Structure formats: C-alpha cells, structure tokens
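Shared chain: chain A. Partners: chain B in the first complex, chain C in the second.
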Partner chain A sequence: MTQVSISHLTKSFGAAPVVDDLSLTIDHGEFVSLLGPSGCGKTTTLRMIAGFEIANSGTIAFDGVDVSPVPAEKRDIGMVFQNYALFPHMTVGQNLAFGLEMRKVAPAEIAQRTARVLDMVQLGGFAERYPAQLSGGQQQRVALARALVIEPRILLLDEPLANLDAKLREEMRGFIRDLQKRVGITTVYVTHDQAEALSMSDRVVVMFGGRIAQQGAPDAIYDRPASRQVAGFVGQVNILEGMVSGSDGGRAVVRLPQGEITVPAASVPAAGSKAAIAMRPEAVALGAAGEPGWAGTVVSRQYGGNLVDYKVELAGGSTVHVQCLSATPVAPGTAVTVRPDQSRLWLLGA
Partner chain B sequence: MSGRILTGYCLLVYAFLLAPIFVVVAASFNAGNFLTFPPQGLSLRWYVVFFENEVFMRAIRTSLWVAAVTMVISTAIGTAVAIFQVRYAGRAKEAVRVAMLAPLLLPEVLTAIALLFFFYAIGLGTRTMAGMIIGHVVITLPFVFMNVSAAMESFDPAYELAARSLGADRWTRFTRIMLPLIKPGVIGGALFAFIISFDTFTISFLLKGIGTSTLPIQLFDYLRTNFTPEAAAVSSVSIAMTVLAVLFIEKGLGLKVHRF
Partner chain C sequence: MVARRPSLAPLLLALPAAIVLIVFLAIPYANIVMMSVRSPGNGTPYGPGFSLAAYIKFFSDGFYLLQVANTLWIGALVTLCALVIGFPVAWQLGRGKTKLRGIYYAIVLAPLLVGIVIRSYGWTVLLGNNGVINRSLREWGLIESPLPLMYNGLGIVIALTHVLLPFMVLPIMGAIQGIDPSLENAARSLGAGRWTVLRRILLPLSMPGIQTGCILVFVLAISAYVTPALIGGLRVKTMAVTIVDALIDTFQWPFGSALALILSVIGALCVVAFARATRMRWKVAS
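Our next item is the complex of A and B:
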C-alpha cells in the first residue's frame, strides 16, 4: 500500500493552467474520486500521477519519495483506461502476462498469477480469448485484471465505466469497489458522474477549473456542499434567493418572497445581506393546497419509476424541484403546497 | 435488379483490368514465330528461349535484387517517417505529408533527370547500382508512407500508454505493441515498394548502372529489334514473379495478425 502526496501541482497547456496549484494526499488503501466536469483537470492530474504528463511545477510523492524524475514505466502503477486499451493482438492471458514479463517474472509464476487474478474478476477460462471476442463488461474486467496482476502500488482508473450501458455500470461500481477493498490498494478514480463518485469512494474530491472546490466523504459533499457550484454539480439542488433578516441562536432567519425561514448556519451573516437557501429536491415535501407551507402550482411532472420529479412554481415567482415517491400522482396545473424539511436546508452566501 | 447491374458492372471492370494480362499470357504460349493473338498453336518454346537467354536471366536477377533492396530501405525509412508524422510532427504534420508525397506529383522522368544531375554533381554517377536504388527508394517512399501513416492514424495511443503503465520501455513498446498493430500497413507498403521497383521503367532507364539492366529495360531493348513471343514469355514471368512476391510476403510474414 502506498500513500500519494501531491503538493502544489501545476500544469498548463498553453496559457491557461489546467491544473492549478493542486495539493492532495491520498492515504494507504484509500479510494479517492476526482469528480468534476470535463476540462476541470481531473484527467490531467491522473495522468501526472501515472507519469504520462510532466507537471510544470509541484511534486508528486509515493510514500514520501518524489517520483517526478521517475518515468511512467518505472512508477509501478496499474491503470485502467476509458476505452480499456486492451492489446487487440494478444489474448486475455497474453494481455495479463505482459506486465509480468516486463518484470521478468518466471513463466510458471506468470501462469499462476494470471489465473488467480482472472478468477478474481470472474473470468476464469477466458485466457485464450481475444479482447474483440468479449463483451464490454468483460473487457472492462480484463482491463482491471491486467492492471492488478502486476500488484502495483497505486491503481488509477480513468472514467472506466463511461463506455458501459447503465445497468452494467451500476453493477460494476459495486464490483470495482469490492475488489479494491479486497486487494486494499490505494486508488484514484476519475469520473464526471457524481453517482459513481458518491457510491464508490472513501473520499470525493470535487474539482473546478484545475482547483479543488471541496473534498470530503461522499455524504459530507452531498449534504453540505461548500459552494453553489459544488451543490449544482453533485446532485440536483433548489436555490431560493433572499435576504438575511436576523438571527435565532446559531441559525439565520432568511426572508424569501414566500415568507421567512430559519436555516442552520455556522456563522450568521449580518442582517440585510443577501443570502440564499439551498435544498435538495428530496428534502422538500408536497402537500395539498391549504396545508402549511408555500403555495404553488405544479408545472410539470417527470416520472422516473420509483421517484417522481415535480416542478412547482411558487407564488413568489421561483420554481423548485420536488422529488418524492411515486405514490399518488399529481397532475400539472394542480395547486399544491411545498414544505421544505427544515433540518436539511443550508445557507449559501450571496 | 440493381444488384445485378452492379455485378455486371464489376465483371466489366474485371474484364477491362485482366484482359491485357490474359492476352499477354496467352500469347506467350504461341507456337508461331511472331507475337500474335490469338496464338498459332500451343507451345512452351518461347519460355525455353527465354530461360536460355543469359541477358534476360541477368536482367531478372538484377531486378529482383534491386526490388528487394529498395523494399527494405523504403519500408524502413517510410515507416519511420510515418510514425514520426502521425505521432510527433505536431504542427509540421501536413508539411511532412506533402514532402513525402511530392515524388508522386512530379513526373517520374523529371525525378530521374534531377537525380541524374545530382548524382554526377556529387560524384556518384552511374558506375554503380546505388543511384538506381536511391531513385527507386524515392519513387516508392510515398506508397510505404501512405500505407503506414494510415495504419498509424488508427493506432490508438492508449495502447502505448497502457504498455508504459505495465512497465514496457520504448523499444518493447515499439516491437511488441506498435509494430504488430501497424503491421498490415507496413507489409502493404513493402509490397507496393517491391512491385513498383520491379516494374518501373523510366527511372531505371536513366539511373541504371553502366552495363547493368533491369527486366523492363531489357524487354524494351529487345522489342525494338524483335517481335517474337519471347517478349510475352518475359512479361508472363514478370507477372508471375510479382504475384509470387505478393503471396510470399502476405503468407510468409503473416498479414493476418489480428483475429477480430
């Protein structure tokens, strides 16, 4: 197991930095996801850890040893690529053996280790197949096996599930997560899919514009996003603009067009300053007209199987998304009330 | 209906392409004294004449040797440039491509004259075969280059990165990953180089070493004074050589490396 410490890493292609003074430590055996939109620098960071890109400044250290001068082929990393990059002219067995041959492992041991890892990814008996004879999911598991069979110090995954269909993608999340825990390898996972990052990681690092916007455990990122940008990228969020009108203990009283509402706040901004409250669509309940809450009208309804997403226009002018279990359908045009769960709101600065 | 029209059309194209070859081969089995079609009786006599003709035999050996040397040099240079062009040339990519294809744009006779002047200017002259081989390399390079660069364009750089992450150094990545995957392009290019060198006339005619002759030149020489079916026999053997070279390189070096 290896600890990776990245400090003040900067990389630019042309004028604008792609990775901008990024510092991050990944612990022994930790599963860290770099999450962000395309162009946020997550893949470039991964490629610098792998040694495929050279940083303009800053260092990357494995267990305290600076690996900047070490070329990719000597870094002892296992990498899984978005398109798997399985060697098409080699069988599955030859693909797995390749890294071991580079390490001058004896043929008998190669056969033994290859077979063991193939069993681990549930592809025992596939050694003689060529990659093109496998399904996408199987190729994905071969790519994992090829990266793991060399027993690398670090496992790097670059959007490995992006090319799979939705159902397989969900299955593979659990599969990769379990495998990573079983092997206990330090893992960096790059994705733009927040569901992947949240469901698989020990820690999620949200990146925007080459910088870390927020990092923390998946639930911390989801429940307490540090900024509007993070809140908007990780899951859906309703934001209602208002003004701070006072404080109530450790809570801020915010005046919205719909009425006043109290929100937990670490530090309450001065009365009169602009503020917004944020809430997840599933932290808002829908009620019949006349019930306590904010009056509004259902504008649209999007059926999603287990959940239904309602778009509700509030009396004060803003719209909120409400997500609830699809028990009794409410038709668009119906007058309703919207009641936020007070414990699941948070305050955003202006 | 449209399928039948297409089939008919294809047959016509094939007839157009293959009829001259058929006529030449058929004429070579002529028993008569003159190059005529249809042949006057069947005989292998002109083949015997040809194989006993020491001048033709020497020319065919020269042609095969020149074609083989040209193929090796042209394939080595063309492949290297194609890899450079696709992978490393960056902004110069288009310029490299145009430079490599330039010999195709120039009439062969001009290339030959330019090289001839150049060889005399630098003192190489035409005393050896070197000049002709250089000339053949120049005109065959574009074909190697085009084939290999097409193969390189479809070669995913991720394969090389994957090999790097698995610990392969530059040489191993080249021999075990890149070369096997671009092999169809390399072999295709090598075939073109061999065949074009074996068949070319103009450039050989101007650049050949003094006292040497290639098969096309010898044939031309022969036809100026003779009109026997021996010429058809020479052509038939030449065609057979080309076909054999193609088969040998395809089967021998294994064009089908992928089992998709």
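Our next item is the complex of A and C:
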C-alpha cells in the first residue's frame, strides 16, 4: 500500500492554470474521488499522478519519495481509462499478461495470476476473446483486471463508468468499491458524477478551477457543503436569499420574504447582514394548503418512479424544489404548503 | 412479419459502376485473353487461327522468366523502401501536433501533383551520368568516373520509390490516425517503454494501413511503365516495358497479350499471398 502526497502542484496549458497550487494527501488504502465539472483539473491531476503529464511546479510523492523524475512506465501504477484503452489486437488474456511481461514475470506465473484476476472480475473463461467481442461492461472489467493484475502501488480510475448505461453503472459502483476494499489498494477515482463519488469514496475532493473547493467524507460534503458552488454541484439545492435578523443560541434567525426561520450556524453573522439559507429538495416536506409552513403553488411535477420532484412557487416569489416519495400525487396548480426540516438547513454567506 | 420483397434499389445503384467495369475492364480483358491465343503473324500483328505459341515462347525462354523475377524483385524492393521511408512520415502526419502538418502533407502529396513523365525525367536529370549528382561528385573530386545510378535496377528503385511514396504514406497515416492515443498511455502505465509501445502496440495496430500501402505500392511498381522505361533505358527492362515493346515496337500482339496476362496473374497471386501472410485475427471495436 502506498501513500500519495501531492503538494503545491501546478499545471498550465497556455496561460490559464488547469491545476492551481493543489495539495492533497491520499492515505494507504484510501479511496479518494476527485469530483468536479469538466475542466476543473481533476483529470489533469490524475494524469500527473500517472506520469502522463509533467507538472509546472510542485511535487508528487509516493510513500514520501518524489516521483516527479520517474517516467510513467516506472511508476508502478494501474490505470483504468474512460474508454478502457484495451489493446484491440490482443486477447483478454494477452491484455492482462502485457503488464506482467513488462515485469519479466515467468510465463507459468503469468498464466496463474491472469486466471486469478479474471476470476476476481467474474470473467473466467473469457481469456481467449478479443475486446471487440465483449460488451461494454465486460470491457470495463477487463480494463480493471489489467490494471490490478500487475499489483500496482496505486489504482487510478479516470471516469471508468462514463460509457456504461445507467443500470450497469450502478452495479459497477458497488463492484469496484468491493474489489478495492478486498485488494486494499490506494485508489484515486476521477468523476463528474456526484452520485458515484458519494457512493464509492472514503473521501470526496471537490474541485473547481484547478483548486480544491472542499474535501471530506461523502456525507460531510453533501450535508455541509462549504460554498454555494459545492452545494450546487453535489446534489440539488434550494437557496433562499434573506437577511440575518438576530441569533438564538448557536442558531441564526434569518428573515425571508416568507417569514423568519432559525438555522444552525457555526458563527452567526451580524444582524442586518445579507445571508441565504440552503436546503436539499428532500429536506423539504409538502403539506396541504392551510397547514403550518410557507404557502405556495405547485408549478410542475416530474415523476421519477420511487421519488417525485415538485417545483413549488412560494408566495414570496422564489421557487423551491421538493423531492418526496411518490405516495399521493399532487397535480400542478394545487395550492400547498412547504415545510423545511429545520435540522437539515444550513446558512450560506452572502 | 411480412416478408419484404428484395428491393431493386441496390442493384440499380450499382449499375453505373457495373457498366463502367464491364465496358472498360471485363471486355478489354476478354479481348486480351483472346488475343493471347491467336497465332503469331508474319508482317501482321497476328495471324489467322489460334495457337499457344505465345505462352510456349514465354515459358521456354529463360530470358522472360528472369525478367518476371527481376520485375517482382524491383517491386518488392520499392515496396520495402517506401515502407521504411514512408512509415515515419505517416507517423508524423498521423500523430504530429506540429503546426507544419499541413505543409508536410502537401510535400507528401506533391509527387502526385506533377505528371509521371515529368517526375521521371526529373530523376534522369539527377541520376544520369552527366546528371546533378554525378557531376557534383566529380567536381568535388570525390569520384573519377560516374556512379552507375541510371540504366540499372537501382535507378528504377529510387525513382519508383519516390513516385509511389504517397500510396504508402496515406493508408498508413489513416491507420495511425485511427489508433486511440490512450492505448499508448495504457501501455506505458503497464510498464512499457517507448520502443516496446512502438513494437507491441503501435506497429501491429498500423498493420491494416501497412498492408494496404504495401499492396498498392507493389502492384503499381510491377506494372509501372513510364519510370522504368525512362530510367532503365534499353539495358534494364521490366515486364511492363517488354510488353509495350512487344505490342508497339515488334508488333507481336499475341505475345504482348500473353505477357500482360501473365504479369496480371502473377501480381494477383503475390497480393493474395501477401494478404494471407499478414492477415489479422482481431477487429477494431466500432
């Protein structure tokens, strides 16, 4: 197992830095996701760890040893590419054997290790097939097996599920996570899909503009986003603008057009300063007109099977997304009340 | 389900091409086959009646067999030279990130923009005994008598390689452009150095282009007439030159036709054998 320490890493293509003074430590056996929109520098960071890109400044160290001068082929990493990058002219078995041949492993051991890893990804008996004869999901598992069979120090995954259909993608999340735990390998996973990052990682690193916006356990990122940007990128969020009108113990009282509401706040801003409250769509309950809460009208309804999304226009003018279990349908146009769960709100600075 | 009547559309769409092929390929070929079994004439292009005299003449005279071997040898050498020179060029064009790519491309295509007669004359200016190369070397005192660069196989190979190079470069370039760049990174991440990446990944994946390029260049080289005629002069003759001699200079139409057919058949056999030998089992995923 290997610890990866990245410090003050910077990379520019042309004038604008793609990765900007990034520092990050990934622990032995940890599964870290780099999450962010395209162009946030997550893939470039991964490619620098792999050795495909050279940093302009900063260092990357494996177990305390700077690997900056080490070329990609000597870094001992296993990488899974978005398009799998299987060698089309080699069978599955030959694809897996390639990395072992480079390491001068004896043929008998190659056969044995290849077979074992193929079993691990549930592709025993596929060794003679060519990649073109496999489905997308099978190719994906071959790519994973090829990266793992060399028993690398670090496993790097670059959007490995992006080309799979939705159902398979969800299956593969659990599969990759289980495999990673079983092997116990330090893993860096790049994705723009927040659901993947949240469901698979020990730690999520949210990146914007080449910098780390927030890092932490998945639930910490989701429940306590550090900024509007993070909140908006990781899941859906409702933001209601208002003004701080006072404090109540460790809570801020915020005046909204709809009324006053108390919000947990680490430090309460001065009364009179602008503030906003944020809440997840599933932390808001929908009630019949006349019940306590904010009055509003359902504008639209989007059915999603187990869950339904409602867009509700509040009396004060703003719009709130509400997500609830699809028990009793509410038709658009219906007058309703909206009641936020006060323990799942948080305060955003102006 | 209702069985659909086979549509006529595909047949109709293929009709123009079929007509062109029949009129300009099948009928002339049939004509050549017929001509090759006519009796040799006496003062006329061919005589009355049919005979196998032309074929007997070919197979009983070692001179012609040697000439076929010579032609194939020149074809093989030209193919090899074009491959060795063309592969790095194709590589640069297919993978290079340089801004000069457009210029390189134009340089590669340039030989095709000038008529073949002019290109071949150009080489006689360079390679002749009084040509640019020999005269320069003599004036610098490097040689006493001119190097034999023309009127031999060497000159033909040099000139044909130049003339046919684009036919090698373009298919290989296409194949290289089709190789997913992440395959190189994948191989490197697995521990392969540059040379191994080239040998184990890039070269095998360029094979479809190499195969096409080799076949094109070989076929064009063994059937080339203008370049061998101008560079080889009277001393070195390839099959194509001999065929034209037979048809036009010595007026032996049956014999010329037989030679043309033999060259076609041998060329086709070589192509089939080559394609068999370099056949690939894998397919690129769509």
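Quick notes on this structure:
We take it that the second predicted complex is superposed on the first by the 350 of 350 C-alpha atoms of A that agree within 3 Å, B and C clash if a C-alpha of one lies under 4 Å from a C-alpha of the other, contacts with A are read in each partner's own complex, and residues count from 1 in each chain.
Criterion: a contact is a pair of C-beta atoms (placed from the backbone, for glycine too) under 8 Å apart; a residue touches a chain by one contact, two chains touch by 3 or more.
Since this is a predicted model, take the numbers as computed values, not measurements.
Partners chain B and chain C, brought together by superposition on chain A, clash.
Residue contacts after overlaying the shared chain place A:50 against chain B and chain C alike. In the superposition on chain A, A:130 contacts both chain B and chain C. Shared-chain residue A:77: touches chain B and chain C both. Judged by the touch definition given at the top, the superposed model places A:85 against both chain B and chain C.
When the shared chain is aligned, no partner comes close enough to touch A:338: not chain B, not chain C.
In the superposition on chain A, contact of A:150 is made with both chain B and chain C. When both complexes are aligned on chain A by C-alpha atoms, chain A residues 50-52, 71-79, 81, 83, 85-89, 98-99, 102-103, 130, 132, 146-147, 150, 156 touch chain B in the first and chain C in the second. The touching residues of chain A, when paired with chain B in their complex, are 50-52, 71-79, 81, 83, 85-89, 98-99, 102-103, 130, 132, 146-147, 150, 156. Chain B makes touch with chain A in their complex at residues 156, 158-159, 161-169, 172, 176-177, 180-181, 257-260. On the side of chain A, the complex with chain C involves touching residues 50-52, 71-79, 81-83, 85-90, 98-99, 102-103, 130-132, 139, 146-147, 150, 156. Residue ranges of chain C in contact with chain A, taken from their complex: 180, 182-183, 185-193, 196, 200-201, 204-205, 207, 280-286.
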